[in-house]
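The structure appears below as structure tokens.
Should a chain be cited, it is by its letter among A, B, C and D, assigned in written order, with residues numbered from 1 in that chain.
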Amino acid sequence: MKTFGIIAVVLCGALLIYGTVDFPEWGDPASPASTYVSPYYIEHSIPDTSVPNIVTAILADYRGYDTMFETAVVFAAGIACIFLLRIEKRDSPRSRLYRHIPTGVTIRIEQGGRLPEGSRDLERIDSVWVPYDLIIKTGCRLVIPFIQLFALYVIAHGHHSPGGGFQGGVIFGAAIILYALAYDLRTAQTHLPIRTSVLLSSTGVLIYAGTGALCLLLGANFLNYSALAGLLGVDPVTARSHGILIVEIGVALAVMAVMVGLYYIISSAGRLDEGL
Amino acid sequence: MATIYSIKPLLAVIVSLLLIPVLISSRTPNIREGWTFAIALAKFLIVASMVPAVLLGNQIVFTVAEIIPGLAIRFKVDALGILFALVASLLWIVTSAYSIGYMRGLKEHSQTRYFCFFALALSATIGVAFSANLLTLYLFYEMLSFATYPLVTHHQDREARSSGRKYLLYIVGPSIGLVLPAMLICYHLTGTLEFTPRGFLAGAASPLMTAVLLFMFIFGFAKAAIMPMHAWLPAAMVAPTPVSALLHAVAVVKVGVFSIARVMTGVFGVDLLAGLHLGTIVCYIAGFTVIVASLMAISQDGLKRRLAFSTIGQLSYIVLGVALLSPKGMTGGLVHIAMHAFGKITLFFCAGAIFVATGKKYISEMTGIGKRMPVTMVAFFIGSLSVIGLPPTGGFFSKWYLVLGTLESGQTTMLIILLTSSLLNAAYFLPIVYHAFFCSPEKAMFGDDIQEAPLWCVVPPVITAAGSVFLFFYPTLFVRLAELAIGL
Amino acid sequence: MDPVIAFIIAKYNYWMYIILMMIGLCGMIIKKNLIKKIIGMNIFQTAIILFYISIAAKKNATIPIIAHAHGDGHAAVNAAGIINPLPHVLMLTAIVVAVATLGVALALAIKIYRQYHTLEEDEIISQIRE
Amino acid sequence: MNSHFPALIIVVPLLSAFVIVMAGWLNKKYCFPLAAAALGSSLVSAVAMLSRVMDSGPFTYHLGGWAPPWGIEYRVDHLNALVLVVVAAVAFINLIATRAIVRADFPEKTGSFYGLYSLFATGLLGVVVTGDAFNLFVLLEITALTGYALIGIGKQHAPLASLNYIFMGTIGASFYLLGVGYLYLATGTLNMADLALHLSKISGSTVVLAAFLICLTGLYMKMALFPLHAWLPNAYACAPSAAAGIIAPLTTKVMVYVLIRITLFVFTPAFTYAHLPLNQAMIWLASLAIVMGSILALSQKSLKKILVYIIVAEVGYMVGGLWIGNRISISGSILHIVNDAAMTLCVFLAAAGLQFKLKGDSFIALRGSFRKMPYTMAALVVGGLSIIGVPPTCGFFSKWYLISGALTAGTYQFVVALLLNSLVNVVLFFRIFEIGYFEPFPGQDSHRGQKAQAINEAPLSMVAMLLLVSAGLIALGLFSSDMVTRIILPSIPAGIL
């Protein structure tokens, strides 16, 4: 099997190298790729969509259809993992671990016994015992809001600087995952349960496809934001820029929710009780 | 030589298909049998209604659908088609009567399925008889093979499974492996598959290719049971006797021979075959089959297996007749389709009646049965006379024309083959009749309560025996149709 | 320098992506551990992303964001000065696709581990054989 | 409204997928009706588009209002209008037929299942209708991703099979992406019609040939052509029967459609058929695929495994028909896309019904199935006859065109392979019919006089759909001539003799 693999790889490499004979040099400004379609984008992105960041303009408007399916891919991955891994009937765990916050003493209760929920100074911890981590908890509690703020900045500022829906969404998701890492999966799930994460991800993608369908209903072609001019009360060009912003928000929402959902499912291998 | 466009051919084919939903929904067996009779009669009447038009020399054409650009499922009723369809539909009426007696006599299981597939097989047979081009013929030929599979393997036991497997191997294999490519090559060479009076393949291919195509067709249509492709017929005797009677004596095997006759006259054309001397080669193949089959028939102890080998021999008479390419010979071959049908179906009916009445299958157990079942054995005697080709029965006519045909085309070896095979036929039929009537068994073969089979099983053989005697005195209908088919 | 070396120097980005791709392909075919195969798959996809991005590069051209102040007229933008933005857009999609496939592959790896308690392919196949 | 059908056919199932997933978490009973409504509307718009193309010829739809080389464009011509109807019809029929099975197999996950199912259908519809090379890659990935999940949920070693499918599928998709990258590098555009224009100008350079070979290997891997088919048998056999009902009939056929779209419409026939040795090699490869597919099928022990290897052989039919290169054989392979999707749907639905009622589809479980489930087995017989190639059913006609095309082109190995495959199919199917018809021997004495066992038929919706599809097989056969003359022949580009 090994030799066959190496032969196949070498053969494939030779085919690829054979292909590069007529390639243009690296960075050559006269190469066909940079002289045919892309100059139009560079010259017309401001007059058409008044969005300085050409990549966002192409991403959400010229080739907005690709990005819609890209968000659908993210959504599909989230749903697929939940579909594959989720275990419905969870048998209750044998033993439970509790920690007395003031003294740091941990208590183990066997045969599925449990303590009343609301006790102030006793908190439940994962069976994979984690050392007392006051520094991490407080540190994270301080940092997370700023990460989320920065994520919102990245989303909103996608028009003018490198950024946009995907990057912002991932940063926002990372903030929540950091929270789940610092504390434990159960507390993270109290703030953002798996059910809301799935509902959020579908609303995000629905926002994207919905704006496209809205343009359809208003008579223009699918995803043609200039049709929103009437609705938003602006001229068609700024309508396109606002359309791009709405779509970016939808993408961010979907990506954030899916990242969080993926982390919940994969880290707890479907049982959604104890993560990393 | 006008062509009439009417829906009758389609009706003739479809009418027995209508029987299937009726059979499934009928509650009591009597209603079911009543419907079978009614539909069989209707089918015969539709076919008979077309005979006068065909006798005047015109054709009835009906196009069902154009399924390939330039090719359609089209029915064309001409003399050859109507000859075969008449025989098949007439004998279906008699066989449905017989199968009532047989199936009830032996209390066979799932009879509704039996009657449904029987109707399907008959509609396929009539479809082949009326097909206007090779594609429609192939369509109904395949339909017939798959419709008769559940009939052959009716008893659903281990022996039925192995004979069903052999049945498929010998029939579906050559049909897909040989007939399909041959048909496609013909279409590729000439662009058409319509049967034309003088054949459409003349000059389209090299002599070698024409010969190869001819042999692909002859051995492809394995239902004609020409020697290397004959093994499925004895194996199919495991089926209930009405199936063997109608299908393996009349419908299925005749479809094979009919297709070969159709291909030789409609696709290749008489003068192309004569020009390349292919006719004589086919004669030798058929002659070989006749002799070897008759020899093997003598050595068979099972009555139905002996009849099966005799059928293989008789079928090759028809192929031999057509391959003689002389007017008399071809007429003899085509008339033999009808004559042999009446004779052989009587023999199978008697075999079935003996099995129902006494449960005996082997000839050695049948000495002295004549005293117990005189009517059946007399019918058996008349049937064997017809197959041997002796005067009081119709079989004599086809042998007569065949012999004239060999003389006409100067094939003396064929003459010798015909005469010796007639002797062989006598050699394997008359001993049965002799033992049945004139010898008495050493130990008591039969309990004293044995007597004739139930009425339903005895009357049909008598009718068909009377039919073959009637054909001796009034053969003009079939002879005239055969001559028309050859274009005299 | 003679043309061959010049030829190699001028197109070194293509050799990079071919080498990276072949490493990825090797990882997928030869390695037995499933996680290593998944990593190999990821390298394979990243190599193609590198190839696309290398198409976009132009000598001494700036990033595809047009310097502007709000509301003023637009200076004439000359296309040669700005790199080709299209491959970057395409590769955003390809990266997302790679992540999605990685996620589903890891989910399946967990399911396989839960079923066979191993991630070595030959052990799994021997377990299936019994 | 009718000018927006190309967008509607994709957007409605896409939106419904997201709403179904939400409904899955809120209130399960709305999932099935939503999915049925969405796919039904796609079917209606597909048929409307086909009739529009047949009346007034191909038309285009600019997504986002941008003209082709800059924006993404949908080109709807005869070829993809026909395949669209097939995909929408198969997805809809399978959805209705396997309702009871889904409720039994995944009682609490129906929301996610139907969401993934309609995303899968959206991906396939998108792949067929798109006119942009990169957009095709994204839609391929959606189809692949949802396919991995739908297969991975099955029993026994489904996750492992799905993981292998991921590896092979990703390599295939990435090779296709690389091919599109080479084309983009050589021409600068991504729109298929535009690519064809520019490629004809520079067809001499090695980049185009390299892109051609890379695209082909990628697509062959995705359609499981013989040497690269290792992932298909386990993946389709272990998949849950509701998912196999849509994946098996459609994925490989849509990939063959993509192959035809790329070779004939992007790399124009002048380029594709210019390299003689390449064509001959491909025809030998296709014949090998047919022969090996049927031989491997002979050694399988369960119904689904046999059907899967038959799919591997059928892929060889279509690829061979394409590479023979004359109008008859290409129309044969396009007709076979339609016929094969219908045939595979019929036999897989029958297998699903058998597995649902007889608890398993190995040869032991199938004993006496004619008696217990007469209608399902009747549909399996019709499907089997069609795969064997018996005239009234559609399988015969695509074989007819393929063989007559091969005869005119003189590639006799392809003719021999097709006939051998038909004969092996006879053995395969009649072995199953024998088991269903004759056995069980030991349990009872021979069937003489034994009361008919209680008929334990599959659920009504399944049986109704099965009979509809088997009637469709015969109807497809009888109307194949109209389909060829009015839809398939005009869809073949002019450059082919």
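In this text, a residue touches a chain if its C-beta (ideal position, glycine included) is under 8 Å from a C-beta of that chain, and two chains touch if they have at least 3 such contacts.
Computed from a predicted model, the values in this text were never measured in an experiment.
Trainee: Of the chains shown, whose Cα mean is nearest the mean of all protein Cα atoms?
Mentor: Taking the mean of all protein C-alpha atoms as reference, the closest chain is D.
Trainee: Could you work out how far the Cα centre of chain A sits from that of chain D, in whole Å?
Mentor: About 33 Å separates the centre of chain A from that of chain D.
Trainee: Averaging over Cα atoms per chain, report the distance between chain A and chain C in Å.
Mentor: 19
Trainee: Cα centroid separation between chain B and chain C, in whole Å?
Mentor: Computed from C-alpha means, the inter-chain centre distance equals 71 Å.
Trainee: Using mean CA coordinates as chain centres, what's the chain A-chain B distance in Å?
Mentor: Inter-chain centre distance comes to 75 Å.
Trainee: For chain C, what residues touch not just one other chain but two or more?
Mentor: 25, 55, 86-87, 90, 93, 97, 100-101, 104, 107-108, 111 - these are the residues of chain C that touch more than one other chain.
Trainee: Give me the residues of chain A that touch two or more other chains.
Mentor: Counting only residues that touch two or more other chains, chain A contributes 16, 20, 23, 31, 33-34, 37-38, 41, 63, 66, 70, 73, 76-77, 80-81, 84.
Trainee: Give me the residues of chain B that touch two or more other chains.
Mentor: none
Trainee: Chains as vertices, touching pairs as edges: which of line, ring, star, complete or other describes this one?
Mentor: other
Trainee: So which chains end up touching which?
Mentor: Touch list across chains, by label: A-C, A-D, B-D, C-D.
Trainee: Taking the touch rule as given, give the residues of chain C at its contact with chain D in the complex, in rising order.
Mentor: 25, 28, 34, 37, 41, 44-45, 48, 51-52, 55, 86-87, 90, 93-94, 97, 100-101, 104-105, 107-109, 111-112, 115-116, 124, 128
Trainee: With touch defined as at the start, can you tell me which chain C residues reach chain A in the complex?
Mentor: Those in contact with chain A are residues 10-15, 18, 21-22, 25-26, 29-30, 54-59, 61, 63-68, 74, 77, 79-80, 82-90, 92-93, 96-97, 99-101, 103-104, 106-108, 110-111, 114.
Trainee: In their complex, what parts of chain A are in touch with chain D?
Mentor: 15-16, 18-24, 31-38, 40-41, 61-66, 68-70, 72-73, 75-77, 79-84, 86, 88, 195, 198-199, 202-203, 205-206, 209-210, 212-213, 216, 220-226
Trainee: In the complex, go through chain D and note every residue touching chain B.
Mentor: 385, 388-392, 397, 400, 403-404, 407-408, 415, 419, 422-423, 426, 430, 434, 437-438, 441, 446-450, 452, 477-481, 484-485
Trainee: What part of chain A is in contact with chain C in the complex they form?
Mentor: On the chain A side, the touching residues are 1-2, 4-6, 8-10, 12-13, 16-17, 20, 23, 25-29, 31, 33-34, 37-39, 41-43, 45-47, 52-55, 58-59, 63, 66-67, 70, 73-74, 76-78, 80-81, 84-85, 160-162, 166, 262, 265-266, 269-270.
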